[in-house]
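First chain A sits with chain B, and in the next complex the same chain sits with chain C.
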Partner chain A sequence: MERLMENDALRGRLLVALTALIGVGVMFWAAATLEFFQIFQLTEFLILAILAISLAFIWGHGGILCFGQAAFFGLGGYAYALLALNDFDTGGALFLGVAIAGGFAALLGYFMFYGRLSDVYMGVVTLSVTLIFQKLMNSTAGSAYTVGKARLGGFNGIPSVPTLSSPAEPAMPLMPEQLYFVAFGALILVYLLLGLMTHSSFGRAAAAVRENETRAELIGYDVRRIKLVTFAIGGAVAGLAGALMASQRAFIDPNAFGLVLSAQALIWVIVGGLGTLVGPILGCIALQYLSLWLSEGQFRVMGAALDNNLVLGVILMTMVLAVPKGLAPTIRDGVLWLWRRARPSSDAPSAPAAAGERA
Partner chain B sequence: MTTTPIIEARNLVMRFGGVVAVNDVSLSVADGELRCLIGPNGAGKSTFFKCLTGQLTPTSGEVLFDGKPITGLKSHEIARLRVGIKTQVPNLFNGLTARENVWLAARRNHVDRAAGKLAEAVMERFGVAALAKRVVGELAHGQRQLVELACVLAGEPRLILLDEPAAGMTDEEVERITTVIREINRTTALVVVEHDMQFIRQIARTVTVFHQGAVLVEDHVDAVLSNPMVRDVYLGKKAA
Partner chain C sequence: MDRTAIVLIEMLSSISTLVIIAIGLAIIFGMMRVINIAHGEFIMLGGYIGVIATQRWGVNFWISILVIAPLVVGLFGVLVERLVIRRLYGRMVDTLLATWGLSLAMIGGVTMIFGNTIEGVSAPFGGVRIGAFSVSGYRLFLILVAVALLLGVLAVLRYTKAGLIARGAMQNPRMAAALGIDPDRVYMATFGVGAALSGLAGGLLAPLTGVIPTMGAAFIAQAFITVIGGGAAIVTGTGLAATLFGSVAKLVEFVSTPVIGDAALLFVALFVLRLLPQGITGRFFRRAS
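Showing the complex of A and B:
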C-alpha cells in the first residue's frame, strides 16, 4: 500500500507535468494559427486565467473562501505601474508587484487566521478590503496624489504604464506577440508550480486542513500557518496577474480592485470546477470568449442584443444547479465512464473500488 | 519505567463566565496505565479533556506531560509531543480516503515512504486495511471510529486520550474496540472517557469519577462500581 500512496503522488505530479506540456503545445499552436488581434485578445484572457488559478488554489484546494481576490490583483497592478513609471526596470517592477501582493495577503491572512475568523467573516473581510482599496484609489484624483513621477489619477486611472521589456534590452518594450508568450508561459509555469505543490506534503496537509481543521490540528498540523502560506501564495499569483495586466493594457484604474472582477473570479472557479486547477483556467477563458461574442451584439433575441451580465448570471445558475461539480470534473468523470463502458469485461469486477477513488 | 507520570493535572480550573466546568482537579496517570474517567453528563469530563489537549486553555492550574509543563500550548504543539487524541464526535477528513487519513497522521513524524509503511501496518492492525481506498465520509459510524483510532495510532503517540470511543457502536464493534484498546495499552498509556459501565468494567483498572466538575472518587474499578456515592451520582439519588 505504501507503494500505492507514492504512486498516487507520482501519478498526480506526472499528470500535472503532462497537462503543462499540452499547454505548451497549445501555446505554439495558437501562436501559429491565430490572427494578430486574436493573439492580443487571448493574451488578456490568459492573464485573467492566472487570476482564476490563484483563487482556484486558495479556495478549491485550500478551502479558504476569498471574495476579494481582486485586492491582490489590483495591488500587483498598481505596484507594477507606479514602479515602472518611476523608471524601475520592468522585470523588477513585476517581481515587486508579486511580492507586494503576496506580502499584503500574508499580513491580511495573519489577522484573519490567527484571529480565528470563521468562513463567513473571512468572506466579509476580504470583500471589504477590496472595496476599501477601490474607494481609496478612486479618491486620489487630485494632482497632490503622486508617487514619485507618477500621478495616481483617481478614477481616471494611470495611463501610459510602461510595457514589460526583456532584461537583455531594457529600453525595448516587448511586442504583443512576445507578451503573448510571456503571459502564456507565466500561466503554464504558475499551473506547474501550484499543481506540483498540491501533490507535495504541504499540499496534502493543506487539503487536510480544508477537510477538517480540528483533526488536522489534533494530529499535529499547524492549521493557521498552513492557511497563511496558502493564502499568501494565492495573493502573490493574483498580484502577478495584476502586474501583467497593467503591462498588457498599459493602463490601470481602480476597477482592478472592483467587485466585478472578484465576482468574476469566483464564477470562473465555480464554472470550471472547484477543487481543480485546470478547470478554472478553462472556465475563465471560455466565459471571456462568450462575453466577447455576446458584446459584439450579433446574437440577438427578438431584435435586441442580450445583456452580458444577464447571460453570465444564467450560466452560473445553470452550472450550479445542473453541473455542480463544474466543467473539468464533469468532463473527466464522463471520459472515465465512457472508458469503462468501452471495456466492460475487464473492469467490471473492480468497478466499486474504482468509484471510490478520486483522480 | 520512570516514576514521572505521563500526564498530570495540578489544580486545574476551567471557568466559562459564571460556570465552573472543571473545579480544582488534580489527576496523575502513570506511564503505561489505562485510566478511565467516568461521570454523569455535564460532570466536566470532556472539558477536562479539552484542557489536556490544548483545545481549551484552563483558567488556572497546570498540565504536565512527562514532567514538562504544557499548559497553554496549542493543540498541534501538544499533538507533536506525541499525544494522540480522539474526540467524542468522529473527526476525520471526510473527503479523503481512509488511507489518506491515516497517512496524513503518519506523515507528521516520517518521510513519505516510511509514513506509507506505517499507515499500512496500523490499518492492518485495526482490520480496516480493506477500507483503504474508500472515502471516509461514506463509511459506517463504527468503521469511521476504527479509522479514526488508526489515525491516532499512526501518530505513534506516547499517550492516547479517547473521548467516548464506544459511543454509538454496535455490541460487536464495542467488543472489537475493547480488544483494540487492551492491545494498544500494552505499549501506550491511555486515558478513556466513557459512559458505558459495561465497557468500563471490561477495560479499566483505575477509575476516576467526576461529579460537578470535581473528582469524586478515584479507586480500583470494582471498588468504584460498588461505591454507594458513585451509584447515587449516576442514579440521581440523594446521598443518605
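Showing the complex of A and C:
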C-alpha cells in the first residue's frame, strides 16, 4: 500500500514536470511564431493565468471558496506600483508585493479559519473584503493621499508605474519580449511549484481536508493551519500576478480589486475544471481571447455590441447548471468513456488511475 | 443638544439603510439557505424600474417605487427561481456561483439597454430643520420604513397562515408535503417575496443614490455582512446586526471619512464572526425569529 502511494505521488510529480516542460516548449514556439503585438497581448493573458492558477490552487485543490481573489491581486499590484515609484528596486518591489499579498491572505485566513467560518460565509467575507479595498482606493483621489513620492490617485489610478528591470541592470526596463518570457516563465514556475506541492505530503493533507474536513481533523491534521497555509500561498501567487500586471500595463487602478476580476477568476477555474491546475490556465487564456473577440464588436445582437459582463455571466450560469465539473475534466471523462467503449477488455485499471491524477 | 440629535438621526438613518438593503436577502437566506449574490443587482433593477417609471412613463413617484419596483423585481425573482435556483437546491456553492453569473448578466443586460450612465429622481419632502441643522425628510421617512419592514416581516412570519406554512415548509419540507403543502411552491413564493423586498429597497434608495448598472456592488457587501452577522433569526438578527454595524460605521464616519466608516463596518463584522461564527442570534436571542 505504501509503495503504491509512493508510486502514485511519483507519477503525479513526473506528470507535473512533463507538463511544465511542454509549457516551456510552447513558450519558445509562441515567441518564434507570433507577431509582436500578439506577444504583447498574450503576456497580459499569461499574467491573468497566474491569477487563475492561484484560485485553482486555493479552491480546486484546497477546497477554500475564495470570492475575493482580486483583493490579493490588487494588493500585490498596488504594493509593486508604490514601491517602484519610490525608487525601490523593481525586483525587490515585486518580491515585497508578493509578500504583502501573502501576508494579508494569512491575516484574513487567520480570522476566517480560526473562526471556523463555513464555506459559504468564507466566500461572502472574501467578497466583502475586496469590495472594501476597492472602495477605499476609489476614495483616495485627493492630493492628500500620497505614499512617499507616489499619489494614490483614487479612481484615476496610478500612472507611469516603472516596468520591471533586470537585477543586473536596474536602470534598464525590460523590453516587451523580455516581459513575455518573464510572465510565461513565472507562470510555468508557479505551476511547477504548486503542482509539485499538490503531490507532496502537505498537498495530500490539503486534499484530505477538502474531501472531508472532520475526518482529516480526527486523523490528527491541524485543519486550520493547513487551510491557512494553502490560502496564504494562493494569496501570494495572486499578488505576483497583480505586481506583474502593474509592471506590464505601467498602470494600476482600483478595478484591480473589482468584483468583475474576482468573478472572472472563478469563471476561468470553473470553465477549465475545478481540481486541475492546467485547466484554469487554458480556460483563462481561451476566455480572454473570447472577450477580446467580442470587444471588437463584430458580433452584434439587435444592433448593439454584446456586453462582456453579459457573456461572462451567461457562461458562468451555463457551466454551473450544465457542466459543473468544468470543460477539461468533462472532455477527459468523455474521451476515457469512448476509449473504454472501444476497448472493453482493459477498462478496469484505466478508470481509477485517471481519477487519481490531478495534473 | 442639536448636534446630539443630528448624530442620533444619522445613526438611525445608517441603521435603517442597512435594514432596507438586507431584509430581502435575509428572507431568502434565512428561510431557504440560498445566498443570492445577485441581490445587489435585484436592488439595482428595482432602482431602475422606479426611476424609469417615474421619469419616462410618468407614473406617480410613490406608486413607482412602492408598487411597481417591488412587483416587477418580485416577478423577475420568481422567474429566476424557476429557471436557475430550483435546479440547485442543496448545492449552496453552486447556487452562489450561478447567482454570481446572474449578477454579471444583469449588469451586462442593463448596461446594454440603458447605457452606463447615472439616472435619478429627486427625493421628496425636502429638508427638516432641527435647531441649527437640517436633515433630509426623506431619510426620516426611510427610518420609519425600515421599522415598518421589520415589524411587517415579523408579523407575517409569526401571526399569519402564510408565514406558518413558509416556516413549516422550510424546517421540514417532507412533513409539510405530507400535510398537503407543496414545498416547491413555497420556495418559489419565498424567493419572490425576498426579490420583491430587494426591488423595494432599490426603489426606496434610488432618490438618494441615483441608479447605474454597477450600483449593486455598493450594497452587496453590506447586505451580506448584516445578514451573516445577524445569524439565524431573520428579523431580530437583521435588526441587531444592522444596529451594531450601522452605529459603528456612522460613529467612525463622524471622526474620519465615510469610506473609513465602511471599512470599520467590515472589521467589526469580521470580529463578530470570529467571536460568534453563527452570528449574533446564533449565540443570543436564540428563540427569536
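Assume the second predicted complex is superposed on the first by the 330 of 359 C-alpha atoms of A that agree within 3 Å, B and C clash if a C-alpha of one lies under 4 Å from a C-alpha of the other, contacts with A are read in each partner's own complex, and residues count from 1 in each chain.
By definition in this document, a residue touches a chain if its C-beta (ideal position, glycine included) is under 8 Å from a C-beta of that chain, and two chains touch if they have at least 3 such contacts.
Keep in mind that what you see is a predicted model, and the values were worked out from it rather than measured.
Chemist: Which partner chains sit in contact with A:Tyr221 here, chain B, chain C, both or neither? Use first/second/both/neither.
Modeler: After superposing on A, A:Tyr221 lies in contact with chain B but is clear of chain C.
Chemist: Where does A:Ser201 make contact in the superposed view: on chain B (first), on chain C (second), on both, or on neither?
Modeler: first
Chemist: Does the superposition put A:Val311 against chain B (first), chain C (second), both, or neither?
Modeler: Only chain C; A:Val311 stays clear of chain B.
Chemist: Report for A:Leu131: first if it touches chain B alone, second if chain C alone, otherwise both or neither.
Modeler: Only chain C is touched by A:Leu131; chain B is not.
Chemist: Per the contact definition in the header, classify A:Glu211: touching chain B only (first), chain C only (second), both, or neither.
Modeler: Touch status of A:Glu211: first partner only.
Chemist: More residues of chain A are touched by which chain, chain B or chain C?
Modeler: Ranking chain B and chain C by residues of chain A touched puts C first.
Chemist: Taking the contacts chain A makes with chain B in one complex and with chain C in the other, which residues are shared?
Modeler: On chain A, the chain B and chain C contacts do not overlap at all.
Chemist: For the complex, give me every residue of chain B touching chain A.
Modeler: So the residues of chain B in touch with chain A come to 53, 55, 74-76, 79-80, 85, 87, 91-97, 99-100, 103-105, 107-108, 112-113, 115-117, 119-120, 123, 129, 132-135, 138, 151-152, 154-155.
Chemist: Going by the contact rule set out above, which residues of chain A touch chain B in the complex?
Modeler: Per the touch definition, chain A meets chain B at residues 1-6, 9, 201, 204-205, 207-208, 210-212, 214-223, 353, 356-358.
Chemist: Where on chain C is chain A touching in the complex?
Modeler: Those residues of chain C that touch chain A are 35, 37, 84, 87-88, 92-94, 96-98, 100-109, 111-112, 217-218, 220-221, 224-225, 228, 257-260, 262-263, 266, 269-270, 273-275, 277.
Chemist: Looking at the complex, which residues from chain A come into contact with chain C?
Modeler: 65, 67, 111, 114-121, 123-125, 127-129, 131-132, 134-136, 138-139, 259-260, 263, 266-267, 270, 304, 306-321, 324
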